[in-house]
Structure formats: C-alpha cells, structure tokens
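Next come the structures, one after another.
In the two complexes below, chain A is the common chain; its partner is chain B in one and chain C in the other.
Coming up: the complex of A and B.
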C-alpha cells in the first residue's frame, strides 16, 4: 500500500514557537487517520500543512509520493471540511456543493447532477434550494462534507469535524463518517482532541504532544500499550507506574502503564497493599481509587467487576495485576 | 415603586420644539420654492406656483454646476470604492508593523476640519504647480469619500468568516474567482451603501471645494453665490430641493442596505 501523505522531518516554527517540531508520519492510502492531541499540540498545523494553507519551516511533505512544497492549496487533490464549516452564506446549498465544479468550469447540468448526487450521499436530498442559514448544525456539517467530496479528492481533511455538534448527533455522525470512508475508500485525515472519537473512528492514531508525535499506532496500541506517560494519561485512564512501583507489581525496573480493569482486588495477600478510597459507580463496574503505602503518595485506579463487593473507604485492600497486564512504556526512560 | 413609562409633559414639549427648530427651516425652504413672490421671503407666501421649476429648467447657468457636481461625485465615489475596499482588505486580512497607525491616518480626513484639508490641498497643488481643474476637486472629495467606503467595507470584512476564503481556495478557486464569487457578493451591499454615502457627501460638499475648485462652480457653490444676488430667489430653493433629493435618497437607501445582513456572513454555528 502506498502512502497517501508522508511527513519527513517536518517543522513549522511561528517565531520562537515550535508548533510542529520534527514530525515523521506516514498516512497509508485508504486509511482513516486521526491526529489526536490537546490544543496547541501541533495537530491542526499539521493538517494545514497538508492542505497547503501553511508551509513547513523545514522538512518535506509528500502527497502520493510527490513533494507538495510548491503546490498551492487550490491545486492539491486534497479537500478540507472546516471546523466552522465555512459554508458560503450567500449561496444555496446546491451552489455551495457545486462550487468546486464551477470554479473548474464544469457545465451547469453536470454540476447540478453531481451536486444532487453528493447531497443524497450525505442524506440531504431535497435540501438543495435552501440557504446555509436555514439549516441545523448537523445539516451544515453534511453540506460541508458534500462540498469537500464533490471534487473527488484523494485525501479528505477534517478539522475537528464533530466539535460543534451535541453528544447524540456526534455519535451518529461518527458512525456515518466511518461508513462513508469505507464506502468511498479515500483517505480521511481528521484532527480531534477527543480521544473517544479518535479511538472509535480511526484505523491509525497519531498522538501529538508539544509539536511532536508521541506515538503512532492502532487504537488498541494507543489505548493498551501507550508509549509514554503523556499518551497513557491523555488517551485513557491508565495508571502510570514509576519504576519502583512497577517492581512492586512484579514488573521490570521501568516506567509502566497498567489499565484499571486489569487489576484485581483480592482476599488476603496480594502483591501490593493499599487503602481503599472513594468509589464511583460506572454501570459496567465500579471505579475505586486506592492509596498506596507511605513511601509513595500514590493513587491507583482499579475497576471492580459488577457483583464484587466495594471495600469501605479506609479498609486495607490487596491488589494483584492480571498476568501480562503490566506494559513497559518504551518512550519513557 | 410605580415607574411611569411616559415622559413628562415638559420633556415632550421640549423634544417637539427641538425637532421643529431643526426641521422647520428645511420645510420653509421647500415652501418658498413654490412662492409667487421673488424678491423677499415674506410669510405667509402671497400665493403658490410651480413656475420656478420651469424657470430653473430654463436657466443656462444652473446646468454646468449640476453637471460638474454629478461628475465629481461619480468619479470621487468610484475612486473611493476601489481604494477604500483595497485598503479595508489589507487592514483586516494582514497584520503588520504600524497597522494601527496607518488605520488612524486613513480615518483622519473625516475627523480633520474641511478647512484644514482644503488649505493643505490648495498649498500642495500650488507647490506642485498643478492647475485647478475638475481633477483637483475630485482629489479633495476622494480624501473623505475613501474613509466612508473604508469604514463600511472594514465592518463587513470583519464579519466575514476568514475560513470561507480558505474554503474557496481549498475547492480549487484562484484569487480572482474567490473575489468574484465569494468576497464580492458578501461585500456588495456594504460597498453600495458606502458608495451612496460617499456620493451624497461629495455632492453637497462646500468647504474643501472652495479651496480646490479654482474658477469652476459645483452646485452647492453656485447656490452660495446665488443667495447674495436678489434675482429670482425661489430658483435657488428649487435647486435646494434637487440637492436635497440627490443627497437624502442615497443616504436613506444606504441605511436600509446596511440594516440588513446583521448576521455574520460565513458563521457556521
């Protein structure tokens, strides 16, 4: 499989700020790729580097093997769904969708047919005569999607595509985006700060921190085998164990991550003892925080399976990790 | 406590008197365009007639100033539309050193007393050996017309979401196509309003014009000269009605144009 987009040691500095700092990335053709990170981590700048609205300070961005350095944004076979949708307020929905064809000089009848086709693809058939101002947030999002897809881009960029939608709509749009991507088979690259969104939609996730890529991998990799403390902390609710504590849990002398659901609270002697703290009922279990000994003022989260009795706060509990659950974070020394 | 929403009688009377003081003279000017008596403005007019409109139409000395005023206003407005829009685009779309200072310099001509603008232009023309002509009047008027267009355009540019320009580029449009299909339609009513106001301001301008016109007369200057002469006085009033219509109607249209479109163009949420 060829690479749709390739970052080769890309940096982008804004004055003294290193927004993107030595990024190497390969985005496979046909994949649903997520750039995940907190605000200011450089993910949006990376997206703008692909679309061509920003240029790298150094390094190279290859789109389907070709250096994109001197290709202006309007000549790239890449289209964007903007965060605020950026629909043209004075045009009808149909004209918005057909815009990309119009500026290329496609004749009116073809434009109209193609726009209608795109509108039915995003389930907005019959909305062509309306103005963007008459649509709901979710509908505008679909128009923006149809407009970006009309030029048949090889890569579709989505900047926080679901950020402005309410929770329920966001979940159904996640499913739809995923289905659409599989149906069209084109590469989707989307930027998000929502780890749930990244993990549920993407095939590959790149976690950004301070302009660098902290880890690239499948959602399972990222979630179960975080490479750094930052990834463990940002992506999930993994416990981050310093080397000394890792040894107590029977692991190596290194930074490790341990998922809360991979720890059992056992009767009698366990590997580590602690004091039960507050408990929170999650439905699919109860999350219990456990304070560990005097030497380290540390707190560990444990998920108790449904049915298991919740220890009262203040009682001493013994903890036992499941075998193989302790994961060494290669990115931490 | 009971709060009375109605203003007191005294306040209402004051407001009515104030409005009458402001607007009654204008009504009188209209009234005396129809009087039968031509030497003095006696009240009430001894009789009403439409003959002065005919007389004004016949007067050969009115036409050149009217033509000059229209020409100057049209050229100054066209100039202001181009330069004011470009300036507004530069000021809103880029940040550069000294931007705020330049904004102030652009706005200065409207704040500066016309007499200062007029004097400085006159001495500048003299220094550079530029003879007075229609073009010197146009330049004088363009100084404040640009500000009007700039102000209207800048307000609209700010409301325009920046990403719609990027969206247009992203979809394959070049700079001209983006301007033609995305920026201009969203700027249109603001430019029309700015242009109308600029035209109205230019059409009745007196102070800057007296310094930059040389031997030519625009319509307002013709009126000023005519007031001194006691011949066919109501003709001046007829011309006043024409000037009023030529300035008031564009301002009224501009008001309605800018009142619409209060929603942010391109705002997605």
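Coming up: the complex of A and C.
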C-alpha cells in the first residue's frame, strides 16, 4: 500500500524550542491515523507541516510519494478541519461549504448541489441559508467538516476537532467521524490529547512526547504493550515496573508494564506483598492502590473485578500477575 | 472551634457606598452616564437642533436681518449653481481623499495587524500617532512650503529629472494648476496626509480581529492570496474601512483651513460657512450649508448599512 504521508527525519525548531524533533512516520493510505500526546508535544506543528502552513527546519515530507517541499498550501490536495473551525462569519453555511469549489472556478449550480450534498452528509441539510453565528458548536464543527470534504481531499487533517464539544456530543461525533472515514476511504490524520478518543477511533496511533514519536502502533499495541514509561503513563493507567520489581513478579530483568486489571489480589503474603491503600469505585470494578513496602517504595494500582470483596486499608495482600500480562518496554533500556 | 461571622462588618463609608450601588445598580449607572448624557443632549444635540432651525429661516435682503419664519427659501438658494458647485466640489474632494486614504492605509494597517510584533508594533503606533501631536496649522503651512513652486517637490523633481512628470500632472485639466500648492492635487495630498491616521487605526483594529486560522482556512481550501484578500480579508475588514472613511469623509467635508492655505482658492463648504456667518452675516444660509455634511453622512451610512458593512460588528 502507498504511504499517504511520510515524514523522513523531520525537524522543526522555533528558536531554541524543538517543536518537532527527528520524526519518522508513515501514514498508510485510507487509514485513520491519530497523533496523540500532551499539549505542547508537537502534534499541531506536525499537522501544519502536512498542510503546508509551516515548513520543516530539516528533513522531508512526502505526500503520496511526492516531496511537498515547494508546494504551497492552496495546491496541496489536503484539507484541514481547524480546531476553532475558522468558518467565515460573513458567508452563509452553504457559501462556507462551497468555498473550496468557488475559488476553483466551479459554476454556481454545481457548487450549490455539491454543497447541499455535503451538508446532508454531515446531517445539516436545510441549514444552508444560516450564518455560522446562528449554529451551535456541534453544528459548526460539522460545517467545518463538510467544508473541508467538499474538495474531495486525499488527506483530511483534523486538529482536536472535538475538543470544544461536551462529552455526549463528542462521543456521538467520534462514531460519526469514524463511520464517515470508512465510507469515504479518505486518509484521516486526527490530532488529540485524549487517549480514549485516539484508541477508540484510530487504526494507527502515534504517541508524541517532546517533539518526538515515542511509539507508533495499533491501539492494542499502544494500550497493552507500551514501549516506554511515558507511553504507559500517558495512554493508560499501566503500572510501570523497574527491572528489580519485574523479576519479583516473575518477569525478565527489564522495565515492564503491567495492566491493573491483569493482577490478581489475594489476602495474605505471597510472591509480591503489599499493603492495601485507598480504593475507588469505578462502576466496572474497583481500583485499589497497593503500597509495596520497604525497598521498593511504590504504589501499584490494581482493578478488582466487580464481585470481589475490597480489602480494608492496611490489610496485607499478595499480588499475582496473570500469565502473559507482563510486557517488556522495548523503548526503555 | 473559633466562631467566625457569616457576614463581614462594614469597614467605612466606602463599603457603605458600594453596598448601596450593589443593591441599586441602576443608581450607579445613572450617576455614571447622567452628566455626559446631559452634555450630549443639551449642549450637543441642542445646538445641532438650533442649527437645523436656523437653516429654515431666511434673511431679509434689505435690512440684512434674520426673519424667524419657517421657509425653504434658504434651501432654494443653496442649490443655486454657484452654491451647488461648492457642495459638489467638497463632496468630490471628500470622496477622493477617502479613496486615497483607503488605498494608502490598507497595506500599512495590514502589515501592522498581521506582521508587526513587539518593538515594530510600538514603532507603528508612534509613527501613526506622532503627526497627530503636532499642530495642525504648522503641518498645513509646512505642506504649503513643500508643495510651492519654489518648494522641495519642484526642487527634487528637477534634481531627479522628473520635472516632466510633475508638469504633466499640473497640466491636467481642473485638478492641475500653476503649482502643487495652488491646485486641487495639492489640497488632496494635504488632506490625505492629515487624515490618514484616522483611517489606519480603525482599519488595523478590524484586521487584527481577523483570526489567522481564517486566512489559513481560505488558503487550505485552495484560494490564492488574491482570492483570500477579496473574499475573506476585505469583507471582514469592511467595518474598519467604513469607520475610517466616516472620519476622513466628514473631516474633509467640514474643514475650512486646508483648502484656504493649499489649493485653487475656490470655496469649500467649510469656507462658505465661515464667510457667510462672519462677514456676510447670512446665518440661515451658513446653517443650510452646515446641514449638507450631516445629510451627506447620513446618506453615506445608509448606503454602507445596505451594503452589509455593519453585519460583522
């Protein structure tokens, strides 16, 4: 399969700030690709490098195999859904959606039909005559989506498109976006700082940390087999075990990750012994923090299945990892 | 456990006053806007109304006294060719000055709004405001010297062998003349110079409010820079342009000093008002002349509103 977008050792510095620092990435055509990372980790900068609003300090970005170095944004077959939507307030919703066709000289009748088609695609048929100011946040988001899709781009870039929406709307938009991407077959590059969003929507996830890519992989890879301490910490609630503790748990002499729900808790002493601490009810289970005493002064979190009794704080408990639950983090030496 | 009161004590007259205003917010509002409203209502609108009233009086041709009876005679006199020429000349000049200001101010305002940062922004504000701090008369007289036949412009044109261009400009019908300081071109140059800060500042404020992402969105969707300028930037900057043009247009309509010092010595509305209410003592006609700029501005605003200039406000 061809790569839709390829980063080859791309760097972008702003003075002393290394916003993007030696990134290599391959985004497969037709995939839903998420860039996940905390704020300031260089995700937006990467997106702007693809759209052409920013140029790399060094390295090269290939879009469908072509070096994009000298192609201005208006000639890239890539469109963006901006974080603040950036709808034109002086135009009607229909004119906003048809804008990409208008600047390309498409005739009025075709423009109108295509805009209406796009509006019904995003379930806003009949809203064409309104101004963006008369729409709710979720509706504006859909208009921005329709406007970016009208030119039938080969790659659609979305910069935290759901960030401004409330939880319920966000969840339904996540499903819609995913369905839309599958239907249109366009490559989506989706930026988010919400790990749940990235894991539930994407085919591939790149986790960013300080301008570098910490790990690229499928959501399962990222969630179950984090490559570094940072990924384990940021993406989930995985326990990060230093080599000595990994050995105690019966694993190799290396940094390992261990998911809280993959640990069995038994009262009494055992292979790894700790003291039960505070418990937090999560609905689908109870999260318990267990303090390992003496030499390894650290907390391990475990999730108890719904039926199991929660040990009182101060009780001595033994921890047993389920078989195959311990994962070596290849990115940590 | 220490007992702390649920309500804190009043600490003095300041607290008591602020309590009062909190209980009766309208009182504060009335105190704040009362005096200026009184000023606006009585002094400002009152005198405007008196002016309007005067324009419907007429003057007795024999005694030279004002006849305080309602008549449209004065307005009939206003549209006599010799008077109407004055109006036409002034309105045309105001329009030309406004157009000139828009064209010259736009790139400056655009640069200041989109590119200037920190020190350059300060330099921009200083550069635009500095001329406003020096005396208006000094500037106009300085321009008279610059534009005079023996002035700097003529001298520079000779030095750079561009006298031909200057002479061609001066030989244009109507707007040309003996020298720049005695032609409409000269008047226009000085007007544009004096009023341009009033165009740059509102334009810059309007352009500053156009988010960068909107310009990027336009480019992202395939628009060239020219298309972005026409379809996104200009429409969004329009309220600023209209605000600026209200200044330049009305300031030119009412000015009576610049055309007197620099220009072809033909009268503008301001000068007509000045002579009519002074030496000629024809207050009604002076008032009628003074009503013209107000009427012109109202028409202008109505057109601007019709064109949707205030939709983005």
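The rule we apply is simple: the second predicted complex is superposed on the first by the 330 of 333 C-alpha atoms of A that agree within 3 Å, B and C clash if a C-alpha of one lies under 4 Å from a C-alpha of the other, contacts with A are read in each partner's own complex, and residues count from 1 in each chain.
Here is the rule we use: contacts are C-beta pairs under 8 Å (C-beta built on N, C-alpha and C of every residue); 3 or more make two chains touch, one makes a residue touch a chain.
Computed from a prediction, not measured in an experiment: that's the story for all the values here.
S.K.: Do chain B and chain C fit side by side on chain A in the superposed arrangement, or is it a clash?
M.R.: After superposition on chain A, which the two structures share, chain B runs into chain C.
S.K.: Touch test for A:14: chain B only (first), chain C only (second), both, or neither?
M.R.: neither
S.K.: Could you look at A:281 and tell me whether it touches chain B, chain C, both or neither (first, second, both, neither)?
M.R.: After superposing on A, A:281 lies clear of both chain B and chain C.
S.K.: Classify the contacts of A:140 with the two partner chains as first (chain B alone), second (chain C alone), both, or neither.
M.R.: Only chain B is touched by A:140; chain C is not.
S.K.: Taking the superposition on A as described, I'd like to know which of chain B and chain C A:89 touches: first, second, both or neither.
M.R.: both
S.K.: Just to be sure I read the superposition right, which of the two partners does A:53 touch: chain B = first, chain C = second, or both, or neither?
M.R.: both
S.K.: Can A:104 be said to touch chain B (first), chain C (second), both, or neither?
M.R.: A:104: touches chain B and chain C.
S.K.: From the superposed pair, tell me which chain A residues show up as contacts to chain B and also as contacts to chain C.
M.R.: After superposing on chain A, chain A residues 51, 53, 72-75, 79-80, 82-84, 86-90, 99-100, 102-104, 147-148, 151 contact both chain B and chain C.
S.K.: Using the touch definition up top, name the residues of chain A that touch chain C in the complex.
M.R.: Contacts found on chain A: 51, 53, 72-75, 78-80, 82-84, 86-90, 99-100, 102-104, 147-148, 151.
S.K.: For a test of understanding, state which residues of chain B touch chain A in their complex under the given definition.
M.R.: So the residues of chain B in touch with chain A come to 161, 163-164, 166-174, 177, 181-182, 185-186, 263, 265-269.
S.K.: Residue numbers of chain C touching chain A in their complex, please.
M.R.: Residue list for chain C touching chain A: 211, 213-214, 216-224, 227, 231-232, 235-236, 308, 311-312.
S.K.: So in the complex, the part of chain A that touches chain B is made up of which residues?
M.R.: For this pair, the touching residues of chain A are 51, 53, 72-75, 79-80, 82-90, 99-100, 102-104, 132-133, 137, 140, 144, 147-148, 151, 164.
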